[in-house]
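When the chains are written out, they are named A, B, C and D in that same order, and each has its own residue count from 1.
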Amino acid sequence: MMNSKSLRTLIGYTIFSAAVLLLPLLIDDAYTLNKFSRYLILGLATLGLSLAWGYTGILNLGHAAFFGLGAYCMAMYLKLQTVPVHTGTGGLPDFMVWNNVEQLPWFWEPFHWSYLAITAGIGIPVLLAVMLGWFVFRARIAGVFVAIITLAMLVIINLLLIDQQRYTGGFNGITDLAWLTIGGIEFDPYSKTFYYLSAGSLVVCLLGTGIFTHTKAGLILQAIRNDPDRVRFLGYDVSAYQILAFALSAGIAGLAGMLYAMVLEFASPTFVGVSLSLSMVIWCAVGGRGSLLAATLGAILVNAAQGSLSENFLETWQLILGGFFVLIVLFLPKGLISIGELIRWRRKRTDRVQVQVLSSTKRARGIS
Amino acid sequence: MEVFISQIFTGLSIASILLLVALGLAIIYGSMGVINLAHGEFVMLGAYATWFLQQYAGIGLIPSLVLVFLMVGSIGWVIERGIVRHLYHRPLDTILATWGIGIMLQQLVRLTAGAELRYVELPESLSRSVDLLGINFSVYRLFILLVTGLLILLTWLLLMRTEYGTKLRAITQNREMAECSGIDSQRIFGLTFAFGAGLAGVAGSLVAPIKSVSPDMGTHYVVDAFMVVVLGGVGSVAGTAAASGILGEVTAGMAYLLNDTLAKVIVFIAVVMLIRFRPQGLFSQLVRK
Amino acid sequence: MAINRRSFLKGAAGAAAAVGFPHIWVKDLGQAYASGGEIKVGVLYSLTGTTAVVEKSLHNATLMAIEEINAQGGINGMKITPIVEDPASDPATFSDKARKLVMGDRCVSVFGSYTSASRKAVLPVFEKRRNLYWYPTLYEGRECSKNVIYTGATPNQQQKDFIPWLTENFGKRFFLVGSNYIYPKEENNVCKILLEQLGGEVVGEEYVPLGHSEFSSVLNKIRDTKPDVIFSTVVGDSVIALHRQYKSAGFDPEKMPMASLTTSEVEIAAMGGEYGAGHFTSAPYFMVHESPENEKFVESYKRLYGADSVTHFVSEPAYFQVHLFKQAVAKLAASDISPENIRDAVQGEELMAPQGLVGIDGENLHTNLWPKIAVCQSNGQFKVIKQSAERVRPLPYWAYQGQSCTASGLKGA
Amino acid sequence: MAYLETKGLEVSFDGFKAVDGLDFSVNQGELRCLIGANGAGKSTTLDIISGKTRQSAGSILLDGVDITDKHEHHRARAGIGRKFQVPSIFSELTVRENLQLAYSKQTSIRHNIFSWPGSAGRERIEEVVELTGLRDRLDTQASFLSHGETQWLEISMLIIQDSKIILMDEPTAGMTIGETQKTAAIFNSLKGHHTLVVVEHDMTFVREIAEIITVLHQGKLLAEGTVGEIEINPRVQEAYLGSGGISHA
């Protein structure tokens, strides 16, 4: 079952997971741990996108919608944990008090309990993905039209989050959050425990999705990206598989969103913004959308670079970043990951040349 | 009764602005299949070009339109020759490349023209409002309607009645066959991209006087322009015009009945429904693949 | 052996990304804030993105003040070292950069933020790390944090004289239009209470999305309801669009002016004098205000940043709050300079600012200011027509009886 | 009773009737050749039966079951396999992966999530690869195959799919003489287990494999019978053979 390609992928996964999990042994500076947790979480979100786009060919420009909904679910739970301290008015979040809301709306009621909030954080994006997937894929809508519909969905959710200020905190979002405490463990976003939570989630999702892509269903998804009609004529219900991939990708994004709300200690409509959503597509493409690990690495590297670039090149960091994206598209179409292939290809070409030289000399000496 | 008419007029003026911005995109995306996320930046460049001509060369708004078309058009041509030309077989990658170009253009303008809000003066004749059959119309909005109508006509004539236009439509239908019959698609694509960018530049200079000019004013237009192009049917100028008309009226109507935010939400939901039930767009004929 | 260079490269890249960053090895030494003869402060204003338009001027004013202080020998011989970051008008980046300044660079204070959203985003960092944030912008009030010095105006300071003056001079029918977020909605709450007390009436209330530039529908509604005053809390470049479309719709500022809390010299410069002429703004500072401090402030700002640059009621507090910071730090010995000591030292501190003698309120860390009402002239400059006789005390919970922000936190919620 | 039967099948592309009232039936295990000039409606008929195009009128019965309104994947599960004129295989996947996908006994998500691609159908794949000579190409990416090999890959996929009825659209197009003969041998070995409908132009190949031939002309059934009967049938000659014999159709 293990051909050389998937063996290589497995080794890549193990090295990456080891590096990510061993990192805290090298650093214990609170800010750096927090910063890397944030990069890993954005990597996790991009991992989800790579499953939908890289593997199944669904270009989801609205991926941040699932990410943001996850963030809002967790933020609301953490908000309701702090209520008595800050606003001191009968358990209502501050933005509801400001908008003269009398009592907590029914749909926020379940968010008093952590396990319900976490299920919602993953469940709501998955539910939305299934509904949208059924609406789009049953009608065999494909390519750019899917991208446009997902983008429109994103803008709708963004506008509603800002407009329904009474229930969502509007443009300021939900701020002043407590830290998540489950089973006695407090996840302080600047601590190693939180870093392990995000790194652990990333590694589990990476390995889980990696294995999934190697199952028959995973192979079918790649076939769908390649030629959906042929897949239909083999008897597979293409739209069902597309919805599966879309929902899985949304679930992973929801999980990443929840972690993001915890690491930044707030949730805002910009988590459901067009620029963040397009950035995720960019990170996925820069890393290499065809491989889960490459997309994740792409997100981590671009965000790390963006962080340090904007610190040292205050005036020109956007110029450098824009130029970087253009160069990637022109010279490394399959993303940074294809650097490996480029080297292997050049190495193969040199090997072949040696082989010819070798055989011709043998012939010349009459050995072969 | 006049409220109704002024509402219709508001819808028309919103539609004209939507069409101005979307027309350039319809040409570039429609005929070349290039998803140009830097289209908003071309609008911004047009606005800045108008400001620059007015500030340093003292050229008024109306004469500057042609100059701006040429300036932004040539920038578009350079970008096409330099970067976009290599990406025709990879439509989805143009998203990444043009997004990168957009970021660079924004930052270049911010470094050169500065981050402050710039403003474009309106000639005295256009800044008044006039009363027609008892209703108050802004002269400048009428002027925009006029120019938009002119531009659609010009684009339609260019596409349908010129040799360049026929060649472009040939390439859109079947690029390989067009090249076999001797059409230099590279040159045509270069000119088309420049033409689309020029149109966006003109849109920028027309929009500037009713709002402000800032480095990031472009991003606001890209999503709406895409909705109009996709809704109108890929590659059909008439479709784009009709789609922006509908979207303009719906936005104005909803904004009046409800508020601007919900108006935008309703418009986007309408677009999603239309794409779902008529993927090929409202007006383009069903091309049997 | 199946492992070859390719997978090793891929894994190594992952490890390198995680490990190889420059300041990875920095240990959290917890050294004192003011070490090595320099006091590190953070400057957190957006240089890119949608709100860069205004925040760039705040950035400039802050750096100018720091240069002035360092030129006069710094604070007790110690130089102020500004660490500048670009949060790019994105709340998530604001939050990340605030952490870098507070935890990474160990700044003793950070000057930053224009929008309420960005202030809310960084608040947890300053409260949990017990640092100090200096917020120069007018805001919606209803906030009582022990880690923020508010040098911008609160709703009561802006509207207490403004609304009565408007009702006397123009009438009692108000049409409220604002951007769709907490600040305009809160200001409108205060405005409604004042109007009720004065027997006024709100004939319409409209909110437009941020960055919106199409006001035809709003102007149609205004034409229908025929209010006496349009009370505008629109922010950003929507202000320019609103003013220009108001004029091209043929309204007359003499009969129905726009009264705003947010239209400053920056917006007027961007829309052009003839579009701002006849409209009113209430704010503690206007560029034309005659005082020796203001002349010096405007003259040195123009010298540094260009003859056509303007100062306004947000860049002035961004400037004087740095001087207040200096006065507070000067009272402390080098060893016990810390954010909380600075906060305690600055309470009650007074300063001759360009707008007049300002002082930090002992109880709620806000600032006593000099509200003024001005009308915009066609040359693009304001003319101050009314100045409040004495300083107005900041009351962030004015509109909410029984609640007040005190030294030990929110009382009577 | 016929295994596959179409009644009054019709499809028109804005006016032009590509298929015009076609009644056509094939028995179990038979190899039926479908010939006709370009535009006679051969490929369109296959398109309609396999569900690629919707018919404007008429019905299709498979083993007595009416599948007229079924989706493609339901028809595929009901036993219809389709080989396309332009070979449609998964170019980005390896030959082995293409074949594993073709083994689509279990199409449900529940089953395929918990099974490896290679777990089922391994021997079946070995057999077919032996038959079609693709054994040593199993791990190369499908896009690197020669044209002939690509055709055989698609044919192998259809055999593995084990559809009861296989619709072949010009399987030998672009093949060398040797390859065509090999394909004829493969088809003859399939007779009996599968029902085959083969659309072809190469009459030497048709003569090798055909039992009954159906001739289509302008969307209608012109004639049906053995190779010998068809060659001497006056209407067929007059319709498009012109002067010469059937050999260089």
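Just so we're on the same page, a residue touches a chain if its C-beta (ideal position, glycine included) is under 8 Å from a C-beta of that chain, and two chains touch if they have at least 3 such contacts.
Bear in mind the structure is a predicted one, so any value in this text is a computation, not a measurement.
Chains touching both subunit A and subunit C: B. Contact counts per chain pair peak at A-C.
A simple rule picks the central chain: find each chain's mean C-alpha point, then take the one closest to the mean of all protein C-alpha atoms, which gives A. Of all chains, the one whose Cα centroid sits at the greatest distance from that of subunit C is D. Centre-to-centre, using mean CA coordinates, subunit C is 73 Å away from subunit D.
Subunit B and subunit D have Cα centroids separated by 49 Å. Annotation: 43 Å between the Cα-based centres of subunit A and subunit D. Distance from the subunit A centre to the subunit B centre is 33 Å, each centre being the mean of its Cα atoms.
Shared contact sites, meaning residues of subunit A that touch two or more other chains, fall at 159, 162-163, 275, 315, 318.
Subunit C has residues 47-48, 180, 209 in contact with two or more other chains.
Across the assembly, subunit D contributes no residue in contact with two or more other chains. If you check each pair of chains against the touch rule, the ones that pass are A-B, A-C, A-D, B-C. Here subunit B touches subunit C in the complex through residues 3, 6-7, 10, 13-14, 17, 106-107, 110, 115-119, 121-122, 127-129, 136, 138-141, 209-217, 220, 251-252, 255-256, 259-261, 263-264, going by the rule given at the top. Every residue of subunit A that touches subunit B in the complex is listed here, in rising order: 59, 135-136, 139, 141, 144-145, 148-149, 151-153, 155-156, 159-160, 162-163, 274-275, 278, 281-282, 285-286, 315-316, 318-319, 321-326, 328-330, 333. Taken together, the subunit B residues at the contact with subunit A in this complex read 35, 37, 83, 86-87, 90-97, 99-104, 106-108, 111, 219, 223, 226-227, 230, 261-262, 264-265, 268-269, 271-272, 275-277, 279. Those residues of subunit A lying in contact with subunit C across their complex are 4, 7-9, 11-12, 14-16, 18-20, 23, 26-32, 34-36, 38, 87-89, 94-95, 98-99, 159, 162-163, 165, 170-173, 175-177, 190, 264-266, 268, 270-271, 275-276, 293-294, 297, 300-301, 304, 307-308, 310-311, 314-315, 317-318, 336-337, 339-341, 343-344, 347. Only residues 47-50, 52-53, 56-57, 180, 206-209, 211-214, 216-218, 220-221, 223-224, 237, 240-241, 244-245, 247-250, 266-267, 269-272, 274, 309 of subunit C touch subunit B when the two sit together in their complex.
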